[in-house]
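Here's the structure we're looking at; comments come further down.
Residue numbering begins at 1 within each chain, and the chains themselves are lettered A, B and C in the order written.
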Amino acid sequence: MELFIEALTNAIHLLLSFDYDTYIVIWLSLKVSFTATLISTICAIPLALYISIKQFRFKHFILSSINTGMAMPPVLAGLFITILLWRNGILGRFNLLYTPQAIIIAQIFLATPIILGISISAFQSFSKKFMLQILGLGATKFQLFMIMIKESKLTLLCAIMAGFGAIISEVGASMMVGGNIKGYTRVLTTAIVTETGKGNFELAMAYGIILLILSFSVNMILTKIQQKNKTQYE
Amino acid sequence: MKFLFKGIFLLSLCIFLVNASVIKNKTIILATTTSVVDTGILEELIPLFERKTGYFVKIIAVGSGQALLLGKKGEADILLVHSPDEEKQFMKDGYGINRRFVMYNDFVLLGPPHDPANTKHAKNILDAFKKIFQKKALFISRGDHSGTHMKELFIWKSLNIDPTGKKWYQETGSGMGLTLSIASEKLGYVLSDKGTFLSLKRNLNLQIVHKGDKILKNIYHVIIINPNMFKNINYDGAKALADFFVSHETQSLIKQFGIKKFGEPLFKTNITLKEN
Amino acid sequence: MNNLLEGKDLKFSIKGQNIIDLEHIYLKEREIVSLIGVNGAGKTTLLLTLSTLLKPHRGNLYFKGMLIGHEIKEQDYRKNISLLFHENLFLDTSVFENVAIGLKFRKYPRQIIEEKVKDMLKLLNIYHLKDRKATTLSGGEAKRVCIARALVIEPKILFLDEPFTNLDTPSKDEIIIDMGKIVKEKGISLIIVTHDKYEALRLSDRIIVMEKGKIIQEGTKEEVLHYPKNSFVASFFGVENILEGKVIEQKDGEMLVDVYGNLVEAIGNFNKGTSLLLFIRPENIFLYKDVKHIKTSVRNHFRGKILEINNFGYYYRITVDCKFPIVSYITKSSFTELSLKINDEVVIGFKATSIYSTEKI
């Protein structure tokens, strides 16, 4: 218990004193996870629209794969991407291993199935009649998609929050592909591992608390946006 | 319109890949052990090197065994490790060139305050281990093919004892710091490098129960990966870093590291020391 | 003069079965056509095909003579049409924004949208609902919003798929009248799919009857009613008598209506001077040899001559010319009893209560 309180005070102190090391770690975490979430969202949503509307063979297979991908263990994704990015690996020539970009790639790999899976179920809830009605009022396909996105805003924001939550808190992939290099690829989660490994439990806990505060703040903002739409026309 | 989105994505991907590859020649990948990194010595030395030369050193901290494996795949440019027997084989197989001594410190045997196996009265380290075995006292091992782990196994082998699988012998598969915490928590014996122990002493419920044997010398070498074996090795960078480690200025810095924090230096650099 | 919309050789099938298979269908400007048939006759499929929301396996569509897909793009054609389904499918937003959606798709400036939507909402008497969340409405109000949404874009053609089913009669009547006024004023052509004969008969200029994907009859209401191609069409309508009249007098729910110069007693509360359509089921037309035989409860009777006799097995269908055609169904035994022949002089009679009257649009 005292460890916890010490850690909490330590966390607040680190934040308020603008401790350089801490802020670098926070900045890296946010940079990497925001970028990965953004790219995943941009890829996943159009793909989700396509998958939910089109009829094609192996649809069940693809949907099952996506749902399985949602539960992909981060460390496995990390291992897979590491093998790809090794100097002698397929993408070795880009020298991406042990860079923040590598973490972003791995996190895109983790977040996309989550955002994709939830978005698909959101879009599948539109009846064929609804889509025909919208088209029948003169909408182009693109305008129809914009309507579908707008109408599913609540669920889509939930998907994005789920994706972000999964990657800001993962450590397996970040550790493997990032190398946990101080000031360069050390993010909050891998910093927690490092400090724990060294036995600096209060510092590790402090980082953990900071991670939770961060996660909570981002989710609060997103939730506010999500709930704002609900009460507009009561 | 979907096509437009996909297009933007591919474009950004290309930009960011190109961006990452530009710094190739200025980057050195140094594979080393967690025990060295955890002491904090690299955090002092490497920035000096980087400022002087403009190189960017990526320190990848893994167990010695894994570091050597990375070397064997050509995935690192330079190694700083402490597993002499395996290093010798590594050099013999041609993976590395130019192996040089950098520093050493001691391994120590740590144990709980009440020393259940009475190791304090052991004649030497082998005897201490034997006492632990006979008493079936709890022993915590790194279990991760690190230099420390290899040293520990060497000692058991010399006694013809195989402790694996026994109930009193537990392998953490983790770094030194965490292993020490576990040993402290569970009141077990553990072989550790002195540096990590000193760093964490105040949080640990362990004491040094045996030290000083020649066997317990923990020697670090730096090895440059053979550029003729693999393409993409940054030989110039690796050579510069290796030279840096063995240079007189760096060696003096190493000799003094730890005095401020712990009252005694963590590493020694007597170059004329013979390896075992 | 080209037809507004024309479909040739349209065919759509699922798993080898033809859902629609027709040679020719057309729609003129300012025309209201009803598409009638039982469930599964292919009406909705035809509607979706005509609005290009469903691609037929064969056939061509022409809008104002231009081949859709070649001389005019599908997307451009669709800018001239509007669609209204049986279900009220709303966006999760206000009534105003729902109605405005078609105009937004067509990229009208906001100011114009506001004007047009306001006007349409007022025409349909739902202006007071403009800020309500559309999904909270039901019944007649919801339907009015859908109609507003479909009409505000001033389409050339409006396709409706069973729009008024499940509405209670008073709401239905009012809505049909309000919508009818707007449609007539703006010159919008309608194709209404319905299985409600009364609906079709009130509004339509032409009726198309479908069965199993084919058109089995097409024509004005009189043609379809009085000259049904087969017993299916006849029995589908079940209403074979539509008379036109004008209310002369109305008091306490009882009316006196001038029908082709004759006085008819009916029930209802339409005001004096209103033009009416009176529907009478043929089962409710009684045949007598002589005026003497008429019961007192049968208030309306006319003399006439038998024009046609059709034997439909269990019943006979007798067409009588009373200066206007009247159709009566009588049982086989009655027929034998009366021993009727063509050109026989008979008296037909019907109760005031068997007349279903609505305002003529």
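Observations, loosely collected:
By definition in this document, a residue touches a chain if its C-beta (ideal position, glycine included) is under 8 Å from a C-beta of that chain, and two chains touch if they have at least 3 such contacts.
No experiment lies behind these values; they were computed from the predicted model shown.
Contacts with subunit A and subunit C are shared by no chain at all. Among the other chains, C has the CA centre that is most remote from the centre of subunit A. Ranked by how close its mean Cα position lies to the mean of all protein Cα atoms, the top chain is A.
Between subunit A and subunit C the centroid-to-centroid distance comes to 56 Å (mean Cα coordinates, whole Å).
With each centre defined as the average position of its C-alpha atoms, the distance from subunit A to subunit B rounds to 33 Å. Centroids built from CA atoms put subunit C at 88 Å from subunit B. Subunit C contributes residues 48, 51, 53, 75, 78-79, 81-83, 85, 87, 89, 91-94, 101-102, 105-106, 131-133, 149-150, 153, 159 to its touches with subunit A in the complex. The touching residues of subunit A, counted against subunit B in their complex, run 39, 42-43, 46, 49-50, 86-88, 92-99, 101, 104, 142, 145, 179-182, 184, 196-201. Residue ranges of subunit B in contact with subunit A, taken from their complex: 1-2, 5-6, 8-9, 12, 16-17, 19-21, 23-24, 27, 29, 34, 38, 43, 58-61, 73-75, 174-178, 180-181, 196, 199-200, 203-204, 230-232. Those residues of subunit A whose C-beta lies close enough to touch subunit C in the complex are 127, 129-130, 132-140, 143, 147, 150-151, 233-234.
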